[in-house]
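In the part that follows, the structures are each spelled out as structure tokens.
Shared chain: chain A. Partners: chain B in the first complex, chain C in the second.
Presenting the complex of A and B:
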């Protein structure tokens, strides 16, 4: 591209010529690097870490579809009750009003998901239930992350006897069956409400995150830049927060999308065996349990919240899959 | 190898003690007393006698030691609510049902899931692969209560006339078909996905290429090299799957009105029948611990590299 001086160059000022030639040269360089990068599936030279991850995520068709499906579900859960509450759309779809003359209406334009045994509209009610399920799920996932990351990083970072003891304890907890554990926790707390549900689900399922975090920290600890940081005089907490935890961010994000559906399903299971949050509030689990009472005559009532849960699980799963490839390209080779 | 097994077996004892302690402490934290739940007020003297009979007057560590002793003697103590019934009676009555359900569901999952995964991997990106994986993904994500309910609705209610399948119960062979399949769907999809992934990975290994380069027939390469090595990870799936089977059986037993241990567990928690709740929790924990033990030892046999890492 940048050949010997031409007539065009001579006509322009020397400065512009040099500038233009350098620009062309840089373009060539970056273009070849870009092409090389694409071939190897490696990072583009000019992209930041997140931009790079974004490009890799976009390339995974299944994950993109899953992300869109997830956003649609989130939109339904957030927007529909808002519209109904402010009488913008679905003005007559009251999720709480008891009207026996409208009980068990099949899905129609007025009631897209039909009505339940009290004549409550399920289109808005399912969206509200989704809010509860999502809220419990997000709160419990956040708690799981906090507990798991703290436990895992303390264990992995300190190493030695403490690490050994902490891992042995975790091994023992792995022996406890998930659902009975959550049920006992609920019994200890005495009541079933939003927070007791979050606590029970957190206590029953923080182990995996802790274990994975420990593994991550131990692997990262062996990197040269950690030794370099120590050599440069960094304190332990600085190494932990600035060098180790920051680098586990990708894994943490993937785990959020793996834990969220698990927790929401766990909540649904507990609700289904009669340990759900109290009516008239509802989650997808209690809605499914309601529907189960009437499945013989009106099977659609149990199908709707269950499909919502399945939708969430499936989309979150594929998002996690795509994120894993996007945020941690090495995991693909391993 | 012997050293590994001995170490691994001995290691289960502290784990078991810790699990019993955890369960025990949690049970102690539940408020309420089974003898105060009854309508008739119990006089203090009788209350004291009852407490003495069930060792509730001792300090917590005394109760714990007493309980641990019982567990090792395979005596889980009396039920606090059901008169004249010990926890052992209840376990004997309900556990075989759950065990049968769980084992049959697991068998169903493995027998159908593994071949499905192999098929999908051998015909990667074909119609079969996409079909199997679509099925696996849907089965993976649909909650078991929906699967069970829809099974009852279609196969017992609507088509019951042709299929002859009842909607609930566990007394006839026909009544076992739907619960087993409903509970087995998840292990099936889990196995299918796992085996497919593991096979695809094995197929890319150098020793497979070597085997092919030597001119071995495809059937032998697949049968002797690929299958053997790619089925090892499936063994480790037994742990998480067992946990799922236990959780799932709670749901399936509720829906199909099967008199198993899961359904009884929920009842015992609500009735504050501590000894039963604890007994069943400990029993389930022991099963999980033993399963993990067996998996680890089996894995040690199958993959010698893991012997030193896993204790």
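Presenting the complex of A and C:
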């Protein structure tokens, strides 16, 4: 402690402190003004809508787990038959060879999923069946999207009498129950193969997509930017594709993941009741049906394809859930 | 011949309650390079008039009768495809709310070049170059880089500038601005108005500016049309209208403007017009302003519908008792 402070010292000290504070304040002010000047109107770093959606999706733990599970399943279905076919791994696991001496082998290292009543390896066979299920599911989902989006957007975009007629027709179809509708379609087509399955499943389940698309288009149609586009001379088809359909992309992606499990389950059910892919080919549905006959003695034969179907459906639903939140963050608050 | 001549335009909306007579016999005209202001309170049919000119009235509304002659062509008689060629090319339009008038999923550049390439024979690169020029013209800094930005990165004022850039992209002969500053901050309103005026001069455009703000038209408009309940009630040169308003409604509108200076500005309350505009489902048969008019009742104006008459050259008014005649009457009695 230095000598006693005089009144003058104290006053000058205070004066200096005020000055210092004022100087820093002014410096801050000028710096922010400069910064503000620089920032005003300057382009911000890029961030796209898709990137934002990606970060929101990543934050949703359940969806990320589901996405990984989905990819694992897809990997199993694609890779395992490939490895077996080219004798890289599982060289003795033939999914088609009938060997009664190896029937009903329980799951082991050699046959991870065991063998069925003809001694066919289920590890590779289930993967092959998954390929069929996936292929039918994807093809039918694509067809549903094409039909549903076309029908729904024409109906919603044109409005008026045409919209009314198209929606009443849809209401009438809605009254028909899903599976009987698909079964009848299969019966009319007369054959059961890959494409007839796709057609039957598409015809039986395109309504919801069409309806949702119509609602989306009608909502979007009322946006000011649609009117502004017309005022700038945009043609009708241009408005539909550029301003309306593009904005429904998020909903379409979500719907793909909602329709896919539904269609695969439909295919499995049809196969289970005997309207499936013809043997020796298999899908998860036909595999489950095979297993059903021996469920008491050899439960793994029915459990495995059932778990596969459940795995696929659950992961797809959780992915759809996460995608919906990621692509339309407002829907969560509502 | 005037650039745009709207004659006896009737636009109706068919709603559940009945027919709404939104625009009821409106006539107006704009000369090349001139500015016409349309003033009136909410729901008086200003915006519907503008939309009717471009044929943009949506269901359940429709232009019932009347003609919109633009450069001699009647727009109401054109086919939809022909009308699409007029919109954006010959007539540009700026809307009220810039926050919702740009598509949030497309970049500014896409939305600008879309209009350019729709109407002009431009390559992708040419259109992009022109888009940059347009953004510079509406004073958006760093235009070349901002082309690839999405609308959410622009403020309201900037978005309105982009909307204006889109509207003038093809050098239209007429620009319709529907409440171009209403949705903006007061601080940026003046900037947008200055910009519109500047562009109008540079491009030699005529402009139809719709507003409920007397201040906006006072500065920019050559002529002013005052609308009330779907009708034109007064039309005059801007200076004449502000100096010598004739219709009681115009008088009341001008009187209700807040004053910032004056003797007892602190003690006076804001003057408002009593009552509400009439229901356009069943508009009054005679004078539509009669119910709120201070001078109604002294003659037969609420029985006999007043006609739009030319009080003095260029000054039209629809009332039985314009202020100049009232004053004359006061002097004689």
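In this section, the second predicted complex is superposed on the first by the 288 of 334 C-alpha atoms of A that agree within 3 Å, B and C clash if a C-alpha of one lies under 4 Å from a C-alpha of the other, contacts with A are read in each partner's own complex, and residues count from 1 in each chain.
Keep in mind that, in the parts below, contacts are C-beta pairs under 8 Å (C-beta built on N, C-alpha and C of every residue); 3 or more make two chains touch, one makes a residue touch a chain.
What you see is a predicted model, and the numbers here were worked out from it, not measured in a lab.
Student: Going by the contact rule set out at the top, does A:225 touch chain B (first), chain C (second), both, or neither?
Tutor: In the superposed model, A:225 contacts chain C only, not chain B.
Student: With the two complexes superposed on chain A, say which partner A:233 touches: chain B (first), chain C (second), both, or neither.
Tutor: Second partner only.
Student: Just to be sure I read the superposition right, which of the two partners does A:83 touch: chain B = first, chain C = second, or both, or neither?
Tutor: neither
Student: For A:160, is the partner it touches chain B (first), chain C (second), both, or none of the two (neither)?
Tutor: The second partner, chain C, only.
Student: Tell me which of chain B and chain C touches more residues of chain A.
Tutor: Higher number of touched chain A residues: B.
Student: Tell me which partner A:138 touches in the superposition: chain B (first), chain C (second), both or neither.
Tutor: Neither partner.
Student: Considering only touches as defined above, state whether A:110 meets chain B (first), chain C (second), both or neither.
Tutor: In the superposition, A:110 contacts neither chain B nor chain C.
Student: Does the superposition put A:243 against chain B (first), chain C (second), both, or neither?
Tutor: Only chain C; A:243 stays clear of chain B.
Student: Can you tell me which positions in chain B touch chain A when the two form their complex?
Tutor: Answer in residue numbers: 14-16, 18-19, 22-23, 26-27, 29-31, 137-138, 140-143, 145-146, 149-150, 152-153, 157, 243, 246-247, 250-251, 254-255, 265-266, 269, 277, 280-281, 284-285, 288-289, 292.
Student: So in the complex, which bits of chain C are touching chain A?
Tutor: Residue positions touching the partner: 54, 56, 58-59, 81, 84-89, 92-93, 95, 97, 100-106, 114-115, 118-119, 140-142, 145-146, 148-150, 153, 158, 163, 166-167, 169.
Student: Hey, which residues of chain A end up touching chain C in the complex?
Tutor: 40-44, 46, 48-49, 159-160, 223-225, 227-235, 238, 242-243, 246-247
Student: Give the list of chain A residues in touch with chain B in this complex.
Tutor: So the residues of chain A touching chain B come out as 168-169, 171-181, 183-185, 187-188, 190, 261, 265, 268-269, 272-275, 288, 292, 295-296, 299, 302-303, 306-307, 309-311, 313-314, 317.
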